[in-house]
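In the part that follows, the structures are each spelled out as structure tokens.
What follows is a pair of complexes built around chain A, which joins chain B in one and chain C in the other.
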Partner chain A sequence: MEEAPIVSMQDVRKRFGGLDVLCGLDLEVSRGQKRVLIGPSGAGKSTVLRILMTLEDIESGAIRIDGEYLWMPDGEGKTTKAKGEALRRIRGKVGMVFQHFNLFPHMNVLRNVCEAPIHVLGLSRKSVEERALDLLDRVGLGDKASAYPAHLSGGQKQRVAIARALVMQPKVMLFDEITSALDPELVGEVLGVLKDVALKTDITMLIVTHEIGFAKEIADRVAYVDAGRILEDETPERLLRNPQHERTKKFLKTVLTT
Partner chain B sequence: MIFDWRFTLEITPMLLRAFLVTVEATLVGMAIALVAGLVWAILRRSRRRLLTGAASTLIEFVRSTPLLIQIYFIFFVLPEFGLQFAPLTTGFIALGLHYSAYTAEVYRAGIEGVPKGQWEAAVALNMGRYRMWRSVILPQALPPAIPALGNYLVAMFKDTPMLAAITVMELLQTAKLIGAQSFRYLEPLTMTGVLFLLVSLLSSQFIRRLELRFAVRP
Partner chain C sequence: MDTLELMKNLLPGLKITLVITLSSALLAFVAAFAAGLARLSKVRLLRALALVYIDFFRGTSALVQLFWAYFALPLLGIELNAMTVGIVVLGLNIGAYGAEVVRGAVQAVPRNQWDAAAALNFTHATAMRRIILPQALVAMLPPFGNLLIELLKSTALVSLITLSDLTFEAQVLRASTLRSAEIFIIVLVIYFLIAQALNQGVKMIEKRFTLGRDYGVIE
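Let's look at the complex of A and B:
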């Protein structure tokens, strides 16, 4: 028997005002998979991640994470969101790294990483700090534990943000264009860390990126999102070498030449 | 009429005692305003319409009626509904409630100044509402609000003479009483003015320091 997918979205519709942003999107991600989402601006990639992070609501459809309904349809076109305990439990399985880092500016690096595990997971400060320092070492920031975000480069901030998400031990990690706000010379260090996480952990990863080369290196599958739907969903080799749709071809041409 | 220093010295202890009442009313009133205002501001961000509506209505109502009416209302009308307070307690409540409507607005500006990404990061880290406010939002929303809150402290201090209307023996009321009994108004009223001036000047200095300390964020 095949294992159930850890993330499953079925026929998900999302509107912003009068705009249909997701138009019946289906997505299944199996456990441990590294899935990359690519697609043109406005396609709905961020929206997919934000919905999974419970930051946005949907109009209709079903969403399950690790077997639990985040959005459960009632069979009559309506869908309801998990509440209370269930919502917190589901949210606890997901972590996210944002394009603009969103570090807490009033906390130093160590506290940025430790605040949630101490107060949300209720772990002892000592054990959390130990683990946090380990993680900071792993992302190459062992010496920055007491620095404040304002004194870090963009690349360093983003690596702290990755450590902050990892320390919560989520089953699914979402990465939304985490190198787009960085100066070009800082992109490499962040992708390096991301690759390290991808190769050395069994965390399921959903990565939105415009770094096609990087996608090819670490992705198990790449989904091409266009106008609120997944148009193609393939291994990176096949999608890049032999795209089926005109729109995919056009998109790949633009990102590969720039 | 010349300024009688001996008389001034004679009435000073009485004025100082009254001054303490004024300070007490200001400090307790401000404590109430700081806490209640924060509660209103947070309620306004609630997802429950009823709570948001109630908080907004309260703020609007308090801001659109004079403090004196609110003082009278609490002192003369509430007892008819079985809620009776001593004059000074009425003063605490009236000043606190009145200024809470203004501190709520100050807090609101501070809260709205916290970027959306901060709320989202808190959600992504699975923080509950209490933890989010406590660890992420308030530490960023409060420091920029401090100078404006300081200004309301001074404003409240200058509003304390209104409590005379419900027989609180604060500074101005005491000065007036001394005047009425001795037929000398010059000294008590001058001293009263000087005391208010001193405190206001010192507070302005203090607030300027606060502004330097908090207004610019790192």
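Let's look at the complex of A and C:
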């Protein structure tokens, strides 16, 4: 018997104002999988991640994370969100790295990383700081622990953000175009860290990116999202070499030539 | 009477002015946070109560509020001494303006900070306390500084509910010595100097709070 997927979205619909952003989206991610989402601007990729991070509500559909309902449908078209303890438990299994880092500007790097384990998980400062410094070393920022975000480059900020998410030991990590706000020369260092996490941990990863080459290197599967649906969902080799839909072909042509 | 002696005669008034300023400032600070955060609450009743408080105190004159609390409340059986009335009314009055400062500053913290906090599984209250408010505070301090000066200036009103503050003492002294020009120059300078001191105090706090962001690494 196959193991149940750690993330499952079924027939998810999401509107912003009058706009249908997700139109019956289905997505299953198995445990430990590195899944890349690609697709044109406005397709709904960020929305998918933000919904899984519990930052956005949905109109209808079912969403389960690690066996628990984040959104449970009632069979009559309505769906309700997990509340209270259940919501916090589910949220604790998911972590996210944002396009614009979203570091806490009033805290130095070490505190950015330690704040949540101490004040959310209630761990002791000493043990947390030790682990945080290890993680900072791992992302190449061991010497920046006492620097403030304002004094870091974009690439350094994003690596702090990755350490800050990792320290919470989520089962699922969401990465939303984490290199697209960076100067080109800083993209490599962040992708390097991401690759390290992908190869050396069994964390399930959902990665939205336009870096097709990178996707090819680390993804188990690549999903092509278009107009609020997943149009194709394949191994990177198959999707990149032999896309089935016209729209996928067109999209790949534009990203591969730029 | 030489100038020094004139100043000596003003000292008791100065003391009252300072006590009222600092005590009402403390009350105003608490009221500003309570009402400012209540305005942002999910609970409708809290929002409504805060709005009534803020609109009432901002929409009526501080002098009439003082008169009302001092002369009208006793008719309802609530008798407070002039000092208490001065501190409470001025504190609540400035607190109402402060509440809008608090609300504006909290709302001005970018949404993405809430997102980041939620992604790290902070509760709303902990996120507010540890992530949002410390950032909002930096934006609150300059307007708080202005309100503090407003408060200092409005303490002169308490002379009209029988308190012998600096302004009141100056009036008394003028009546007995007739040296109006000299006395009121002295009083102006004293108010000015207190205002400067308050300003400096707020600036120091501001510096302390922006340290990391402006001056880089703190060891």
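Note that the second predicted complex is superposed on the first by the 258 of 258 C-alpha atoms of A that agree within 3 Å, B and C clash if a C-alpha of one lies under 4 Å from a C-alpha of the other, contacts with A are read in each partner's own complex, and residues count from 1 in each chain.
Just so it is clear, a residue touches a chain if its C-beta (ideal position, glycine included) is under 8 Å from a C-beta of that chain, and two chains touch if they have at least 3 such contacts.
Everything numeric here is computed off the predicted structure, so don't read it as measured data.
Engineer: Quick check on the chain A-based superposition: chain B and chain C, clash or fit?
Structural biologist: clash
Engineer: Where does A:Arg164 make contact in the superposed view: on chain B (first), on chain C (second), on both, or on neither?
Structural biologist: both
Engineer: Thinking of the overlay built on chain A, is A:Met53 touched by chain B (first), by chain C (second), by both, or by neither?
Structural biologist: Touch partners of A:Met53: chain B and chain C.
Engineer: In the superposed arrangement, which partner chain does A:Met96 touch: chain B (first), chain C (second), both, or neither?
Structural biologist: both
Engineer: Looking at A:Ala86, would you say it contacts chain B, chain C, both, or neither? Reply first, second, both or neither.
Structural biologist: In the superposed model, A:Ala86 contacts neither chain B nor chain C.
Engineer: Applying the document's definition of touch, where does A:Ser146 land relative to chain B and chain C: first, second, both, or neither?
Structural biologist: second
Engineer: For A:Asn108, using the defined touch cut-off, is the partner it touches chain B, chain C, both, or neither? Pick first, second, both or neither.
Structural biologist: In the superposition, A:Asn108 touches chain C alone.
Engineer: Which chain A residues are contacted by chain C in one complex and by chain B in the other?
Structural biologist: Overlap of chain B and chain C footprints on chain A: residues 53-55, 88, 91-92, 94-96, 98, 100, 102-106, 115-116, 119-120, 148, 150, 164-165, 168.
Engineer: Under the touch definition given earlier, write down the residues of chain C that touch chain A in their complex.
Structural biologist: On the chain C side, the touching residues are 112-113, 115-116, 118-123, 126, 130-131, 134-135, 138, 209, 212-213, 216-219.
Engineer: List the residues on chain B that touch chain A in their complex, please.
Structural biologist: 115, 117-118, 120-121, 123-128, 131, 135-136, 139-140, 217-218
Engineer: Within their complex, state which residues of chain A touch chain C.
Structural biologist: The contact residues of chain A facing chain C are 50, 53-55, 88, 91-92, 94-96, 98, 100, 102-108, 115-116, 119-120, 146-148, 150-151, 164-165, 168.
Engineer: Which residues of chain A touch chain B in their complex?
Structural biologist: Interface residues on chain A, with respect to chain B: 53-55, 88, 91-92, 94-96, 98, 100-106, 115-116, 119-120, 148, 150, 164-165, 168.
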